[in-house]
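Heads up: the structure comes next, in structure tokens.
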Amino acid sequence: MLTEPVALMLLLSVAGVVLNIILYRLQSLQMIVSFLVFAAMLALNLQLYGTIGETLVLPVVVFGQAMSFAVSPLAFYFTLMITSITLLTVIFSLESLRGKACTQAYYLWLFLKTFGMLGVVFAADLLTFFLLWELMTWGTFFLMQQTGGESFSPAKKYVVYAVSSSMLLFLGIALIHAWTGSFSFREVAAAFPHMPEGMMLLVVLLMTVGFAVESAMFPLHAWLPESYASTFTSLTSYLSGISTRMGIYGLILLLFGFVGHELADRFQLIGVINLRYIVSIFGALTIIIPTFTALFQHDAKRLVTWHGIGQGGYMILGIFSANALGIAGGIFHIFNYMTYVTLILFSIAAVEYRTGTSNLNKLGGLIKRQPVAFLGLLFGIIGLAGIPPMNGFVSKWFIYKALITEGYPFLAISAIIGTLGTILSVYKLIHNIFLGQLQPEYNEIKEVPFLMQLPIWVLMLAVFATGVFPGPILSLIAEIQSSFGLAPVPYTMTGVDPAAGTLDMLVITTVFIGGLLLAWIVFLLGHKRRHVSQYQNYAAGHFLDESIPYNFNYNFYTGFEHIFNPMKKKVIARTEVAVSSLVEAAGDYLRRIYTGNLATYAMYIMAALVVTSLFLKELI
Amino acid sequence: MSTVLWIIFYPIIAFAIGVILLGYGRKFNARVQRRYGPPIQQVFYDILKLMSKRTNISHGWMHDTALVMLLGGTLLTLYFIPVPGFDFFSGYGDFLVVMYILLIPSLGMALGVGETANPNGSIGISRALQMLAGYDIPFALTFIGMAILAGTTNFSEIIALQQAEGIFGWGLMTNPFLGVAALIALHGMMGEKPFEVMVAPHEIATGPMTEMGGKYLGMMMIQHALNVVIELTIYINLFLGGAANWASYLVKLFVLMTLILSVNALFGRFRVDDAVRFMWKVPLVLAVIGVLIIIL
Amino acid sequence: MSEKLTQRKAWDIVLDKLTKRSLWMLHYCTGCGAIELPPTMTSRYDMERFGISAMVTPRQADILLITGYLSVKTLQRVILTYEQMQAPKYVIGFGSCTINGGMYWNSYATIKSLDQYLPVELYIAGCMPRPEAIISSFTELIDRIGRGEANSWQDYYDNYDFYKKNQEHVFGEINTYVDIKDDKVKFGI
Amino acid sequence: MMIPLSIHTILNIGSFGLLVIGLAIIFTKRNLITMVIGLNVADVGANILLVNAGFVKDGTAPIFTTAVGSAQAMSDPVPQALVLTSIVIGFGITALALALIVKLYRRRTTLDVSKIRGLKW
Amino acid sequence: MVNPIMLILIPLLTVFLINLVNIKWPKFSAGLSFLAIALTTGMAFTLLPEVMQAPIEVVIAGTKAPIGINLLIGPLGLMLSLIILVTSLLVSMYSFSYISDERKGMYSGLFLLLIVGSLGMVMTGDIFNLFVFFEILCISSYILVAYQRNEHSLEASIKYLLLGSIGSLFLLISIAILYRGLGTLNIADIAARVGELPPSTRIAAAAFFTIGIGVEAAIFPLNSWLPDAHSSAPSSISAMLSGFVIEVALVVLIKIVFSLFAFAALFWLLAVVGVVSLLIGEFAAYRQENIKRMLAYSSIGQVGLILFALSLGTEAATRAAFLQIINHAAAKSALFLVSGYMIIRTGSYQIADYRGIARRMPVSGFVFFLAVLSLVGVPPLFGFFSKFSIVMAAVSSGSTGATVLTGLVLLGTVVEAAYFIRVLQHFYQREPAKAVTAARSERGAGAESSIEAPIAAMLPVLAFALFLTGGVLLLGSITGLADAAVQDLFARLVSVLA
């Protein structure tokens, strides 16, 4: 039993934790061991495909429930992402974190977090799921504060959000257990429709909100940007690439695994407005508001993390669209998002590795010094913005198409608005880092070492290849859909079946390449060109040199700031402040009960006596 | 065989039409200002001159690549929009695809301009992108509205549906709100006054084109010529019933161009935030009304 | 000059015939003469008839129109601007000031003859010249291009040392980040 | 009308009275020593209540001597034993309290509980 | 076969012995008390298999119940005894180095008396004996709270003493009422005949009893002495007081309520009061700057949680409450013990002065971290399982009220996590506080050197930490014991009076 890939993967991640504790002081050994273990896990993960449908029951019985794990297509899909992205993160960190202080615990928490995520994904009963879910969220918390100092306060914010969400899930799971008498997914799913309507709604609400916090759905997203942006950039990519998406995993599980579409539509409020639609509206807000917030960020990492929130909205829109294409798009978008956001953040990390900053107002012109990072970022942002031929476009197209087919024009337009906002902010990102004038202090920097380039190249390939040939991933998604009893997406190797829609990425890419060739010929028709210094530049006759900052990147979208500034009410931030001051005030007032005056204390005792007697007398 | 011939010659035909349209635009403008104006083929001379410049400067490889991306992306878009006699690719990518491949040229240009390291260029791009967000939202909403109305996102099918019912089947007739909204958005998309703040020669030295000279500017002008055709054709396909033959296609092109030029000739320039506000107030509200009419 | 004229290939001749119809002008308004340009552009004289239109950056321009006297300081800018233009490019001296200093002949701060510093294709005499004169000079330029004679810009590449010496004589060394001699080799001028 | 007052009733009333008085002292007085006295008074009340629980009317001392007949006629001895323990405990607590008060008084020079509020909230 | 009475007798006799030894060789008193506790602990463990079979009844002075005084040690009593003994064993080990002044003998004696009182309370089958042991427990803890003899500890001790005495008084009144009505002191006997009492008498007895013992069990609003006493006592004593004393009182209260006063209304009252107590404790702790006060308020919260679980009155909830008692004993003791040396090293109680301390006291910091996570309920630590089972049991009880209260409990957990994490992050900050930089251990000098507590003090703390992490592996046997204790408790519950 222990030779099954599932068991081996879980064991390996635990072994990683243990090994890292043992090797706490030996950083280089830690690195090598972690790399080897994660590589082994990826290899095992590939074998996992053959074992889909098998279950593993551990001999550990807690509260009458043996901890059980199962390999479903969805689990395979997620573990594939988890292990591959973790391996890439480790490879990237090998170089980027070498010799940095306070990284002893880095791999430790990475393993713990990976263990938690794998466990959550494999879990076949709610108890295992919740236990590992908790472990995972705490793993996230520890990963967030690897850089110390400034990362502590946002990490604390995360804990408050995460613990709140866990508690909601906890209550939901407890209620499910109380009403169905079981933890096992299968039995719960079977018994779920027989719960009373009100209880069902309560459970669904509790769990949806719980998962919404973890997937950073508006308006519960405020914990994410700061906390992700203040840790190491390689971790920012890991966290926003896959960690946030565990919330989406939970939502998929809840919606398709337990509730099912028919049931979800039963919660009608007014006409078409059912629970699904309400969640979708929040999904749409999740797209628009964070995306436009990202527009005005001055830090590359923070900008990308805001997009991390926004992209989650697409997944929610897709998954909740009740359309085979849309669901497939939503699930596919998780993978795509992971590839390109990791790519973007690795590129930013490469820049940060050399320049030591990710402040968008201080960089510029690095394309001449770090072309690989530039290419990585370019591929990444094309994916993020959802422009063909990168993979982000394919999944977004599925979602738009599904929303239009289902007749939700306003959800569809919000998805498109999000895309436009994304284009604006990613252009700012690439422009302020790589384009414009090179700052004199970065004149001498070099491209990052090969080990850091490798993940960037791999991800570039992935972003492009899955964009042109989405078929292999879509086949997996079709399996996932079938496993939940949904209609599978009608896919072909390069797009969708013509009966369901018009998309053939291979043709588009071929025509695009043809167009590029034609344009290249036109370009060659002209005379030679000469690369000139950046200081040979039009400045209305002014002589430029190094001492003159001749760059436009501060307040890049001034016009929009004029439009949006009056709208920035900071409702969420103010609510957070209000809640925290409420807790503080409550604490302050409640502790005044303990006045320090003995006479008052004595009165409390007397009062308690009287109240107890009266209460007992009245109620007996 | 004719397919191959079309594929080879279609860009050239479209380019010729674009050049004529642009020249017509300049002539039209001159006549409004009571000038004689340049010859109608003037744009062709300009492009030829720019392409034949003896020296060219570039600020780096992205600057070069950008132009290729700009023109290549435009050619890609061109192929995916059906015109009479040419409808080979619309079965592989619907107008959702077109909407996004339309962004490739913008992105390419933005990247290249960024590398020229000229603040005027960056400001121009910043404005262009803000304008993009301004006009594309109402435009996309009209797209979606038409798609829901037609029950398909495929260009050819939409054209076929409109043509089936004659002039009263045109999108502009069946849903005038969407048609008008899209027309205003189209105006912004063409970058004509009052929405030409991204170029604004008098304040930011033609913005994106500041550092573009010689063949770089030439390629941008070629792209511009093609783009005019693309944008007008999209509108024709969605709202003016497509075109059954080349004659009606050309008539529609010139009528639409004239409409836009007449507005262009009369206006000054909006500031970018005003332009965006306008776009989000008038056409967007019209589009929302149009969509509400469709879904309710 | 006539040598080069005969060297034109057939393709070049055709090209010259066509491209002469498109001349973009960057007018450097240093003196009072600039006031004559608006009438030249607008409906009375309408220079766009000839395909001539005003441009704002040197990258796009073919003609550098110097409208008036040049002080030592503005000359530096003019040279920078000129070097940023793409060949073929034509300098037109506008008014007496560019020819011999005009009314500023005695000034310590202006230069007298523009062709010491830049290769001037045409001068327009007068203080100041009327739009008719400007149009006339433009048509002359167009004709010359058509004939393949407007090759003054090559002189700057050929005799760069001469111009450089005169420039440095006036204001010392400036850095325009343009290497004319290398350009000559690179672009084969 | 005369109410026949048995010793039992008097003790009962007395014990409750002492309890109430003692508690009233504790709850109303601010002086620590007074509060300890109140505690003692209440303690006495509780003790009397307890010892009174073993009251047998006309009972004898619970000592098996030859003169006595049945055990039923004796007072219940258990409460008396309990009260002894209780008194000892009360004594201990009082002594401890007073010792602590002395120590505290040396440091704070006050016995007013509303002023001894070094620890609060 | 060990006579259970030895569990009480050995420590009690050692107290006298220590007082004798202390005259000549004060050094040995601590060792002596440690040995006594170790011996007792060993004996308690040997009793385990037997008690699991059937409760042992010990007859004292040759008279059988209901007339004679007896000890009744069932699984419940033994489980609590084990908690008491193991905790005190580790704490006494910690005290070797922690209590370094010349009054060691007195400390050790009182320490043992505290244990005697607690053990007696859980083992006795006689309600007046309960009172006597209760008083032993109280008096020894009053003195121990005042042990440091400074202003704060004296004040705390006085407050504790007066409030505790009022509680004892009420307890005595309750006993008197019961004895008047039934003429017996044996709990089992009373339980059998409690129906004979008129309802008003029963209510009075219940009210006085609940309030009386509630003072020691730190039920809101009777817990006003707790933050003062727990924060002013020596840390080792705080660990004991928080670790098991409150819980012992609480379990005894619930035991008596189960046997004698099983009113549904009382259960509900206690459940609500438990949740209120939890919320007040957590919210008040949120605003504390003094580390020991914060831990004390957290104890109020935890006790509220335990009370809530106990008064739900279902077997699952009670079992969960026992698990939580175990978790709290280990975690809170560890926290108090760790903070004890932090206070010694930095000379400050303020959390602000501990910034970056975990880098100079790594083991302490790590244990603090584990204990905090266990209290908050993070898997795979022990606390997760106890909290999990409480919530599961509460929700499974099926009533809407319990579910709502569970929601409030979970809210309390969020607040708890928030303030504990704040402290933890403070410990792990990069830039140390002035007090931390200035701190010196008795061994080495220098700002960079470790100022970790001595090994003798760290071993027990590590043992607690080990239990919190490895306790999960023992979960099966612990649950088994807890199950037996639940059966023991529920055997006393005849029927709940609606």
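Should a chain be cited, it is by its letter among A, B, C, D and E, assigned in written order, with residues numbered from 1 in that chain.
In this section, a contact is a pair of C-beta atoms (placed from the backbone, for glycine too) under 8 Å apart; a residue touches a chain by one contact, two chains touch by 3 or more.
Remember, predicted model here, so these are calculated numbers, not experimental data.
Traced through touching neighbours, the fewest hops from chain B to chain D number 2. Least step count on the touch graph, chain A to chain D: 1.
Any chain bridging chain A and chain E, meaning touching each of them, is among D; the list is complete. The pair with more inter-chain C-beta contacts, choosing from A-C and D-E, is D-E. Ranking all chains by how far their C-alpha centres lie from the centre of chain D, first place goes to C. Chain A and chain B have Cα centroids lying 36 Å from one another. One simple way to say how far apart two chains are is to compare their mean CA positions; for chain C and chain D this gives 119 Å. One inter-chain figure worth recording: chain B and chain E are separated by 78 Å, centre to centre, where each centre is the mean of the chain's CA atoms. Along chain E, residues 158-159, 162, 166, 227-228, 284 each make contact with two or more other chains.
Shared contact sites, meaning residues of chain D that touch two or more other chains, fall at 23, 26, 32, 35, 116, 118-119, 121. Along chain C, residues 57-59, 183, 187 each make contact with two or more other chains. Interfaces, counted as pairs of touching chains, are A-B, A-C, A-D, A-E, B-C, D-E.
Partner chain B is touched in their complex by these residues of chain C: 15, 18-19, 21-24, 42-43, 46, 48-51, 55-60, 62, 85-88, 183, 187, 189. The residues of chain A lying in touch with chain C in their complex are 527-528, 530, 532-533, 535-536, 538, 541-545.
Within the complex formed with chain A, the chain D residues making contact are 23, 26-27, 30, 32, 35, 113-114, 116-121.
Per the touch definition, chain E reaches chain D in the complex via residues 128, 131-132, 135, 139, 142-143, 146, 149, 151-152, 154-159, 161-162, 165-166, 168-169, 172-173, 175-176, 179-180, 183, 185, 227-228, 231-232, 284. Against chain C, in their complex, chain B makes its touches with residues 26, 30, 33-39, 42, 45-46, 48-49, 52-57, 201-202, 205-206, 209-214, 217.
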